[in-house]
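What follows is one structure encoded as structure tokens, with my remarks underneath.
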Amino acid sequence: MKIVTVGEIMLRLAPAGYYCFVQADGFGAEYGGGEANVAVSLANFGAESVYVTKLPAHDIGQAAVNALRRYGVDTRYIVRGGERIGIYFMEKGASQRPSKVIYDRKGSAFAESRYEEFRWEDILRDADWLHITGITPALGENTADLTLRLCRAAKERGVKISCDLNYRKKLWTRERARKVMSQVMPYVDVCIANEEDASDVFGIHAANTDVTKGALDKDGYVSVAKQLAERFGCAKVAITLRTSLSASDNLWAGMLYDGEAHFSREYPVHIVDRVGGGDSFAAGLIYALLKGEEAQGAIEFAVAASCLKHTIEGDFNMVGEAQVRALAGGDGSGRVQR
Amino acid sequence: MKIVTVGEIMLRLAPAGYYCFVQADGFGAEYGGGEANVAVSLANFGAESVYVTKLPAHDIGQAAVNALRRYGVDTRYIVRGGERIGIYFMEKGASQRPSKVIYDRKGSAFAESRYEEFRWEDILRDADWLHITGITPALGENTADLTLRLCRAAKERGVKISCDLNYRKKLWTRERARKVMSQVMPYVDVCIANEEDASDVFGIHAANTDVTKGALDKDGYVSVAKQLAERFGCAKVAITLRTSLSASDNLWAGMLYDGEAHFSREYPVHIVDRVGGGDSFAAGLIYALLKGEEAQGAIEFAVAASCLKHTIEGDFNMVGEAQVRALAGGDGSGRVQR
Amino acid sequence: MKIVTVGEIMLRLAPAGYYCFVQADGFGAEYGGGEANVAVSLANFGAESVYVTKLPAHDIGQAAVNALRRYGVDTRYIVRGGERIGIYFMEKGASQRPSKVIYDRKGSAFAESRYEEFRWEDILRDADWLHITGITPALGENTADLTLRLCRAAKERGVKISCDLNYRKKLWTRERARKVMSQVMPYVDVCIANEEDASDVFGIHAANTDVTKGALDKDGYVSVAKQLAERFGCAKVAITLRTSLSASDNLWAGMLYDGEAHFSREYPVHIVDRVGGGDSFAAGLIYALLKGEEAQGAIEFAVAASCLKHTIEGDFNMVGEAQVRALAGGDGSGRVQR
Amino acid sequence: MKIVTVGEIMLRLAPAGYYCFVQADGFGAEYGGGEANVAVSLANFGAESVYVTKLPAHDIGQAAVNALRRYGVDTRYIVRGGERIGIYFMEKGASQRPSKVIYDRKGSAFAESRYEEFRWEDILRDADWLHITGITPALGENTADLTLRLCRAAKERGVKISCDLNYRKKLWTRERARKVMSQVMPYVDVCIANEEDASDVFGIHAANTDVTKGALDKDGYVSVAKQLAERFGCAKVAITLRTSLSASDNLWAGMLYDGEAHFSREYPVHIVDRVGGGDSFAAGLIYALLKGEEAQGAIEFAVAASCLKHTIEGDFNMVGEAQVRALAGGDGSGRVQR
Amino acid sequence: MKIVTVGEIMLRLAPAGYYCFVQADGFGAEYGGGEANVAVSLANFGAESVYVTKLPAHDIGQAAVNALRRYGVDTRYIVRGGERIGIYFMEKGASQRPSKVIYDRKGSAFAESRYEEFRWEDILRDADWLHITGITPALGENTADLTLRLCRAAKERGVKISCDLNYRKKLWTRERARKVMSQVMPYVDVCIANEEDASDVFGIHAANTDVTKGALDKDGYVSVAKQLAERFGCAKVAITLRTSLSASDNLWAGMLYDGEAHFSREYPVHIVDRVGGGDSFAAGLIYALLKGEEAQGAIEFAVAASCLKHTIEGDFNMVGEAQVRALAGGDGSGRVQR
Amino acid sequence: MKIVTVGEIMLRLAPAGYYCFVQADGFGAEYGGGEANVAVSLANFGAESVYVTKLPAHDIGQAAVNALRRYGVDTRYIVRGGERIGIYFMEKGASQRPSKVIYDRKGSAFAESRYEEFRWEDILRDADWLHITGITPALGENTADLTLRLCRAAKERGVKISCDLNYRKKLWTRERARKVMSQVMPYVDVCIANEEDASDVFGIHAANTDVTKGALDKDGYVSVAKQLAERFGCAKVAITLRTSLSASDNLWAGMLYDGEAHFSREYPVHIVDRVGGGDSFAAGLIYALLKGEEAQGAIEFAVAASCLKHTIEGDFNMVGEAQVRALAGGDGSGRVQR
């Protein structure tokens, strides 16, 4: 099971515990990003996970490579060069205080990379799956072009493609996002989104849903998924369902639509670190689908995996398949495992 | 908007996380105290915040000055000299285990300072507001005298005065507190208290309230506020309403009485650090009133500001006006701000 | 009040906060174990607490001795020698992610020690109580023999004996546990267990109880306790009642059976560290019984003590008698103690 | 004594102790840079130190402001806006392993700022001194223009100007440096350099000096200083003399040329953090000259101040005037001050 | 071998590594002081070491007791009560930057304790040795009285007495020191001092010695020791010989005078933490003398022990007898012990 | 360039900085060991480095795998299973205080592994070099057998073999070491040793050398190397030359004998962490030889690489080829690399 994930990986700098940026005299340094998080989670499940990006040739770039290698991701196709590694600063919220993210990713080596720099022939050889997100084309012209050409190349080789819409309003306008993503989507087999993404990017709305109130409307989500599937011809659309009670406590569930809607169990999560929650969902879904799970089993696996991610520090999901199955199988009691 | 705050600032020594005093092999060092916390919160809102105290001329005294300067407090009127800086040790509780505070503040430079040592003429020039608390006169004869003379000087210059009763039973008896505070209160425009303060200091009781049971009686609070306002002629009385479910979870609200009672929204808070919660309430209230907020808007601002303080490590409230308005405006969902 | 506790003490290595084993680049080092935790808690209550074990003659062995001495445990009878100290690795869980424990205790100095190596004559002189657990005989032939002979020696001297069943399935089979513990139990005055222990070791079952579902059946527990008391002639049987809502939140209570059942109040606990919860229960119970508490008072003390343990980092319970009495007396509001 | 310093301030990220970049799982976060270091050192001496820069309006930008305010620097003229704060990564070397610095400063708010954005009229009012370095014009066209116009504006108001050449080969070519700095130098009263700067920027060489061999030739330095003074009409030229025995041990001295050469005492320094060593020399020199010190006294003060900086963590020099005078006065024994 | 040591024990607060006070955002917390350091070192050698002091009844007082117990000191005679524990702040110097110590010990529980509060009868029973220092009588009238009466009581019981002069100029004047210490000295069998102590307290000078220059004159020391021995009738006078090359590097030796002078080997020490160096010398000397070492052996043991202390963090000397003997026996190569 | 290294990898637990074991409340956790250190250093040079060992199937075993993967070591042939991972505790010495190492490696998964468990056919395919050490056969019968059979298999395939004698007296006797190593040596092309190894294992002595005195005798080393080469037919013998001035400062050099002796430059090293120094020498030598360096170039590369290792925390050498060449080429000035 060989899965190729393509995208940026950033240096994540976060104050310890619940300290604010203006209080911090140091930052924990981890590496992550929407696509890298998927690649690491897949490697932790035991899949053959290949990550493709570009990183500067200096030691901080090397540290990012090392962070991926540490968890078993295949980094041999990462190109080294360019000026800088993207950075994001992360301040963890609690209770009514939201987490804050400050991006400093402009001009990163990957954002300025070109399709021709990578060895796609080797990368896609024997690949079963390609995972991309809406962040990569948002980084600039180069990576938008790269995304489209990569989708085409993968499609030609019969590689399945999943795409997490991941709309980032600071990176591009809705108009440009719609234009570019409308070209990408026809190649996508499995589309992953949250309710806002579909609305932001494609103007596809679910009625009666106000995310700040925590109200979620199941029918609305099915309607969004159906519209996405029909407009672009995706075989499957998966939507994450987060009810944000506070920065400390969320409800977490998901839905997989493949013509009909499969809703997962909902978990009340006491949060350790919710960054990467959606990415771990994508990884869980890809892994379960490649393992041949039926729709209900797949969405339960994806949601259990990402529920566990919320209890883990950093961007990366550390859990293995057995842990996910234990939770999906019903034991959420958190009893000590001796 | 120039606000003068006068009082002690202490070195706060706290074990990391939830470690007990007897487990600690180190202490996080911060600086704080009832009045300094107000001054810093005001500076973080963008107000011109002047802090007046006395600190020893050594490096730990300097570190306390620096802690104030770091957040933009004007420290130019702080007098340097005296023997020691007050210290308090803080052990953070959790669930059924209460936080513990050990004071070691006797003989501090400020406690032994005299009114004549400070440049009040300059300090009060163009000041809009003076904030004091019941802690300062409790420190000793010198500071009781200082408090009274300062109130007189401020009143003469038309400076508004707020006072947080902040009764500390380890610093003085109820009898002495009543005697001194009864002289202070006639100068006070805005009195800030919790239900226990009014009872401890002035014997003003609210019926049917048992703080250890978490039962709070709205009518009782209105009655307390009314009695305070009428006995001392305060234009406004503000009361914080804490329901302590456990050391980890509280309900938090407030009431502002200005002839009629204005109750705020109540927040369920999952606590990071509750020390300074009342002080951040005072700062929020002063700021909102100086900004010309109506009573209901002011109490909502004060409570939202102090709700957020409970999610922040240390004594100081780090939030700015925009964050408070976002919460007061209704978004307590804690969703990540990107 | 002299209490002798005999057993292993291990080096406990745990990543900081909620980090996973595979993320950790360091471990907090504490020392603990089922019996040592009881000894330290008793010393923290002010009892004369003697701990007996064997530790290697190197500096890590010394550090274990020091950890006990630090909290006032009498370590003079600890034998030094042997090859290694047992180790356990501990990864703290959160929400749906369970804590993980990895044991590396085989071949420890204590596990390979023999009855003759210890000065039992001196150790038991004037002792009021001996506390052992089912872990010691599970460590091997030597310590099973040691346990039995020690029980006999204590009984001869009129020392009361408590035993926490503490079944560890990785150390021995149910068959061997049953055989050995059936020889030990006739000496035991106070038997401490959880519902699973009785079932695992002696095949004594409570009906209608599924620990992973959090359902607890009071009648079932009484039935288990009664069977234990009757089969082995224990004067008292105490059972801890944990409802594991998640790794972060538990309900915690207990029951003491002395012919009739005395159930304690139940506490909702937001967990800091639940390891050692059962041991702190045993310590609380022993202390309360030796202080002459009636059954209901003793079980309330034991449960309040161990409720507080869940809010404390490490294996050891740091609370003193006054803190326990405050909670048992009804103040679980967690208000700051100044 | 009002001194204005203008330049960038960067976020400095450094692994703890002697860890390498690729080993680090966190970075200490400080703020510093060639000019900011001078401003902080001057404030620590008690001077009125005004710092002018541009920083983004987010919390990391605020943290940089706070770092300056903490030590008493006047930050009121700092402009907020722009995209990012410059960053530099710092790996501390030891013995034969050199320290490594990775810059990521391109596109910083200050680098892209324009002369018109700052309130120079207010900034230069009553200023006694302006300090700039060769880094600012190296950042780009905008800041080269800003530097020149600022020098002109300062000169018109009779403000003394010091400039630390600080050639940075990664920021600009020697050709461009020579062209721009040749326009700046005629305004400079006090030029600060090391032997390499003069050579790199102006092709002014000292004979017989090989810095990697640690050989320093006094006559060569005098010749360089004389050439600089004569070519550009500087009243004074100061040169730092570092003999790098290893990353852990250096010899440190300086020379001030004002027509004749004044060499300081040489200190053998066991290094804690040598970054900012040259900047603390500049600050010491400016302070001593403004205090009216004669040339020999000034160079001794500057070298003693910067000797002490090598023993302090971070970019900033924390020492006060008294500490510097104690060392310059001859007590380098490092005996405990009680 | 039972040795009683009497004196204060303080909370020591020190920034991590080489950080300055004004940079610190936390302090390592240890407990120490001139006498407590001796008691712990003796316990680490395996002696029966009894420590007598008074500490407040709160948790920080308890932590000080625990710090002593941890290393095996007998703390049963420590009286609990009084208002506060003395504190000292410690900033570690490096190279030319001296360490700084800020004392905040006024009004400590021990300083205000009286002779009658302690159970001297039990404390001195079977004691072989009593160790005191010149710090205790310097704390105030109470403890000066306590010291004298204690010396008398010890003498009556035939207990040997050692006294480390330890002159602290911030605690008392030379005049008062001379007056009080002249009464104490006649009871002292072994007097420990450095060259400055004898001069400061008794006006006994050694010619030709300038400690800031690092010049030490052997004859001068012998002359000082002889004068001390003769004036007060001490059997032995020991003097530590420190040549402070810098805060990072010292030369360290000692001399024991018992009618004739015995100089030890001199060690070049690269310093980790030099606080407590003199105290560890005293402990080494007492231990060696009680073990029956000849003068030369005793001074070599004392100096080797205290040489090793300089390589250990905190006030306490952690080394055991074997480590000291290995160094005194000639192996200072620092090769790894596997 | 494919190099296979076979051996144990242990969990290394070390107190922070210079803290002693008995002071530590936590341990930095790294992974290392004589052979693993070689493998990582080779990977950091860019070689294809394959590591073969056996590790338990739990998360701590996984963390050891991850530590290798992080730096690019090929871990695919590591067998998972067995009971435990070997552990070693490391206390860093300073000045006269030696470092201490406590081993707890008995019963490790690798020590109990058998030759048949590994896929040698795949492992040795296309391998250029096999590196082993004297530690592996010392672990027990199984691994002694494994070592011999592996040497034979490698020889058959024409793989070059290097062996670091690394005599560990706690693992086996000299007699057994001599017997086993005498069977291994005939397969070895490059033998690496220090002077003590040759003497301990084979009774081959160098005259006039006393390591505790720091005296090194060049002729003696040549004689030892020559004897080793001649007795066992090794093409090359490399010897590391350490002069231990103290735990903080060493002199470091090496010699390569290939019929004639090639001595390297000697470096005075101020030590950060000297563990793994010899292993980094082996890695440097293997790399240089495989790169086709002449003898003098190879020994200079090996010594420069391992000189740098002494400045790096942990067991692993982090430096790349360029850094080594810079030092070997003569720049040991430690100047900052910007």
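Some points to look at:
Order of writing sets the chain letters: A, B, C, D, E and F. Residues in each chain are counted from 1.
Definition applied: a residue touches a chain if its C-beta (ideal position, glycine included) is under 8 Å from a C-beta of that chain, and two chains touch if they have at least 3 such contacts.
Everything quoted here is computed from the prediction, not taken from an experiment.
Shared contact partners of subunit B and subunit E, listed by label, are C, D. Interface comparison, C-E versus C-F: the pair with the greater number of contacting C-beta pairs is C-F.
Least-squares overlay of CA atoms from subunit B onto subunit C yields a rotation of 120° to the nearest 5.
Put simply, the C-alpha centre of subunit E and that of subunit F have 44 angstrom between them. For this pair, subunit A with subunit F, the centres built from the Cα atoms lie 42 Å apart.
Shared interface positions of subunit B, defined as residues touching 2 or more other chains, are 17, 20, 22, 25, 66, 71, 100.
Taken as a graph of touching chains, this assembly has some other topology, since it is neither a line, a ring, a star nor fully connected. Contacts between chains, counted with the stated touch criterion, involve the pairs A-B, A-C, A-D, A-F, B-C, B-D, B-E, C-E, C-F, D-E, D-F, E-F.
Contact residues of subunit D toward subunit A in the complex are 13, 20-22, 24-30, 58-60, 62-63, 66, 83-85, 87, 89, 91, 100, 102, 104, 106-107.
Partner subunit B is touched in their complex by these residues of subunit A: 17-20, 22-23, 93-101, 103, 168-170, 211-214, 244-249, 274-275.
The touching residues of subunit F, when paired with subunit D in their complex, are 17, 71, 267, 269-272, 304, 307-308, 310-314, 318-319, 323, 327, 330-338.
Taken in their complex, subunit F has these residues touching subunit A: 66-67, 69-72.
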